[in-house]
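Listed below are the structures to be examined.
Two complexes come next, and they have one chain in common, chain A, joined by chain B in the first and chain C in the second.
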Partner chain A sequence: MSCAISTNQLSVTYAGQASPALHSVSVRIPEGTICAILGVTGTGKTTLLHALAGVLGAHQSGASVEGSISIGGVDYQPVPNTILFPTVAFVLDDPTLQISGMRDTAFDEVAFTLDNLGIPRERHAERIRPFLQSLGIAHLSDRNPTQLSGGEAQRVAIATMLVAEPRILLLDEPFSALDAENQHKLSLLLKDLRKTTTIVLAESRVDNVLTTADHVIVLERGRVAFEGSHHAFIHRIVEFDSLLPSQVWKETMERLATMTDQPVWKRIRKVMGWTT
Partner chain B sequence: MDDIGIQADSLTFAYPGAPPAVQDVSFSIRRGECLLIVGHNGAGKSTLLKLLNGILRPSSGRLFINGEAVQNRSVSELARLMAVTFQNPGDQLFASTVRKEVAFGPENLRHPNADELVRNALHALHLSHCADEHPYDLPLPTRKLVTIASALAMGTPHLAFDEPTAGLSHPEKLLVAESLAAVRNDQTLLIVSHDLQTFLPLASSVLVLHRGRVLFSGPPQSFIDRNHHMRKAGVRLPLLSRLRRLLSLPLIASADPTRK
Partner chain C sequence: MQRSIAAKLSLLLFFWVCAFALEWNLILPLIGILVVARWTIPFRPVTDRLARAWNKFLLYLLLLFIALMAVNALFIKGGAVLLEFGPLRFHSEGAIFGLATAARVGLLSLATLLMFISTPLKNLVKFLQAWGLSPSIAMVILQALFFVQKLPSRIDQILLAQEARGANVRGNVLARARSLTALLAPLVLSSILESLQRGLALELRGALHAVPGADRERPAIPIEAYVLVLLAIIILLLRFAS
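Right after this comes the complex of A and B.
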């Protein structure tokens, strides 16, 4: 079962830094949604993901952390310094860091997760295959996972996490390395996963997440600049022009925001793939 | 007729024992224009490019470059007229450094300003910092940029690319789009790609291939207006274009200056 996530006055300051990476961040991510954390580079997106995954300490020793987080109704104060896997699974922005390099095939790389969870070998294939299928990487099963292209390796990395059936899946910049076709496939897959998994993804560009996210959080210099539904975000989107890829995007979003009570909005929602 | 850069006249080609991979394909592009070729895998796009650079010879039909029939010219003669890059960088990288790789074409063609062409191409694709590295020490996307720089450095009047942005990240795609946009007015561009978001704004015309034949040929706007062509060609209209259509905004903004 998926579960809700919240943070309460979460502040993180890395050792030797004067200003906090996150500053009193209080957000509430509803269960079974896809939440996009948007912001330019260095604005705290990855720090927030690290806090939710319980890996703040693993990545930055000596960080000072205040506030609390809550996962599935369980409060964690202080913020946990232990990896919350498999409740929470984390896909890094660089998949090559995630692939162990200790297994010879992509299939075995995914099976490595199940080994670690103590799931007997004879049950591996039935559990792994559906994920390889839906991620479009079944044909890569026998390939060496360290010799895949960026997009392929990323999908293998996602499979290694999904196969653990986490309640929460965190992804750091999952769309940036993918071409349009694979972005679309990943978006459909994430939407399917909502039934069982709450998904939080960090991205620096709006266009990558507009058709995927239900819930949007914008971070600016470690503070929450916006939090709300994708629908509410449409009305505020042009305020964050560093997140828009071009002037044409900005012009399009400006027009879009004036159309939310027009008859055409229904068709726009369809193009956006918004069902919620 | 004088300014026709490339003209294909009923080009047909069949691999041995197979139905024609390219059948009766005709198009023409003027100097300084950009033709975007789209179609499903196996629609004949890559075969068409190989016919253009002489690796394959048409079984019938004619090909004109700068008004001259060239279907019987040698591969090296054709290379002076058109640089072609293929989808997989592994098929064409062989030199021991990025700089040598990029310099191979213009030096072979004995370009008087080869050094300048190489320097500009490396600069355009942000490869100057790794010019002395071995291409195979670089990540795959960077190797892809090396092949594109190699084509640009040839200084040929015509350029053809097969899926130049496949496997690239967004910033890398922008780099490729900007590099090609910069040469567009001087050189004829022929781009095979599924990446409409990147290349539709560059294209002056679109050719849709389906099972080796031309399904559609015309300006980008009429291509977009005909959804069924896009579906048959296996391409999706980018989100931005779909939204702009619903919002009654012009579909293709000729210039979409990108933020850094």
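Right after this comes the complex of A and C.
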């Protein structure tokens, strides 16, 4: 499988900070996969996304950056110094920020992206409607985008990016504002999207991406603590208990038992010391 | 809507030219027209809050008229004495000078305010973008729009948070003045942060690299807009000729 994104010894230290936000990060994200970047708050997940989207190079001129990045076969030394939209689309953790407020309806809000790309009005409907359908927000087309709920705004924000048909979609904490049902819907949508788009999502809770990710990267204090396939991650999941509040850890393991083969579950039970 | 924005912008230009080029006795009827125009459909305020702001502004404008006339009448001596309070004498020449100044300021500010309270800013930005407004300036205007829209609710949130910490924020004028210091820092900081993030979010949607006017239909300019611009030019020419 070819590589959509790779970083080589990427280190980032923000101006005025003693310790680096990212420390010699080398990762390879395969094309057409959903890659979850996991880590507790402050481990450099968002910094890595900013580096990949071009935000770091475009807006953090004071930061010290070393290493290199390759995105879609294009090498950047050390990081892209301009926003890579529409090749790379980035959905921020607060979806309401992504609503421009320029348009009166959710449909027009999504069309704002196409306007920016110079796509003629007559082609807007054919580009937008399939995404509204697949995201389950077709019924919101005529609603005021600034008055949507968190989950609805999240899906509209994703639609505003997907209409640009990016090769790579970056999502910062996409599940955090969603209830269980909408998390499930988003998970299904992302799985469907990976046919055409490589998806990278940053999450602090492992249970949010357990059933979604194909490839997993775990960051700890700016360093890569784990990188590998979903299957490999499941085998080592017990090493990363900081990625879940302790009260839901066991519950997650039980969910895991239903989706993995029996030997793995037995091993986890043995490691965790659960006898029942 | 887009047609009406073009006409309104022409009207604004016309009133601005009038404010500088016409004599005060001709400006006063124009101010009267603006006050009445607020009740017509094209100039109806977009929200109730803006309607209240307009009413308040009229009151402040009236106070400005009175203050400028009184102060000038007191210090510019000339013409008949209109009023006399002990040693204070109010002269007609000064009063007229104050009235002329207030009339110009009043016409400029009322015309501008009426334009903005009756036009959703996003429609104005859209119109200007269709005519080639640069995406970065459009982004700055959008930021301002969001800031103004969110300001009242943000102030309420911060005051509520301060109140929850035991601060007296809704008492008398002194208490409110004291709470202002506790309000300003979080208000300014959170606004700057949100503006930065919102700017980034728009940039991430390609707003900064949009081709100005390339993909937007330019609305037709109504005949009344041309007439108003022509009238403004004629007034300017007459003013320079005299």
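One rule holds for everything that comes next: the second predicted complex is superposed on the first by the 237 of 276 C-alpha atoms of A that agree within 3 Å, B and C clash if a C-alpha of one lies under 4 Å from a C-alpha of the other, contacts with A are read in each partner's own complex, and residues count from 1 in each chain.
Quick note on the criterion: a residue touches a chain if its C-beta (ideal position, glycine included) is under 8 Å from a C-beta of that chain, and two chains touch if they have at least 3 such contacts.
Bear in mind the structure is a predicted one, so any value in this text is a computation, not a measurement.
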item: First, second, both or neither for A:T212, with chain B first and chain C second; value: neither
item: First (chain B), second (chain C), both or neither touched by A:T160; value: second
item: First, second, both or neither for A:T197, with chain B first and chain C second; value: neither
item: Chain B versus chain C as contact partner of A:S187, first or second or both or neither; value: neither
item: Partner chain(s) touched by A:T46 [first = chain B, second = chain C, both, neither]; value: neither
item: Which superposed partner A:S149 touches (first chain B, second chain C, both, neither); value: first
item: Touching both chain B and chain C, residues of chain A; value: none
item: Contact footprint of chain A on chain B as seen in their complex; value: 139-141, 165-170, 194-197, 236, 238-240, 242-244, 246-247, 249, 253, 256-259
item: Sites on chain A touched by chain C in the complex; value: 53, 55, 58-59, 83, 85-86, 89-90, 92, 94, 97-98, 100-104, 112-113, 115-121, 160-161, 164
item: Chain C - residues contacting chain A, complex; value: 122, 125-126, 135, 142, 145-146, 149, 194, 197-198, 200-211, 214-217
item: Residues on chain A engaged by chain B in the complex (per definition of touch); value: 149-151, 176-177, 179-181, 184, 205, 207, 210-211, 242, 244-249, 251-252, 255-256, 259, 264, 267-268, 271
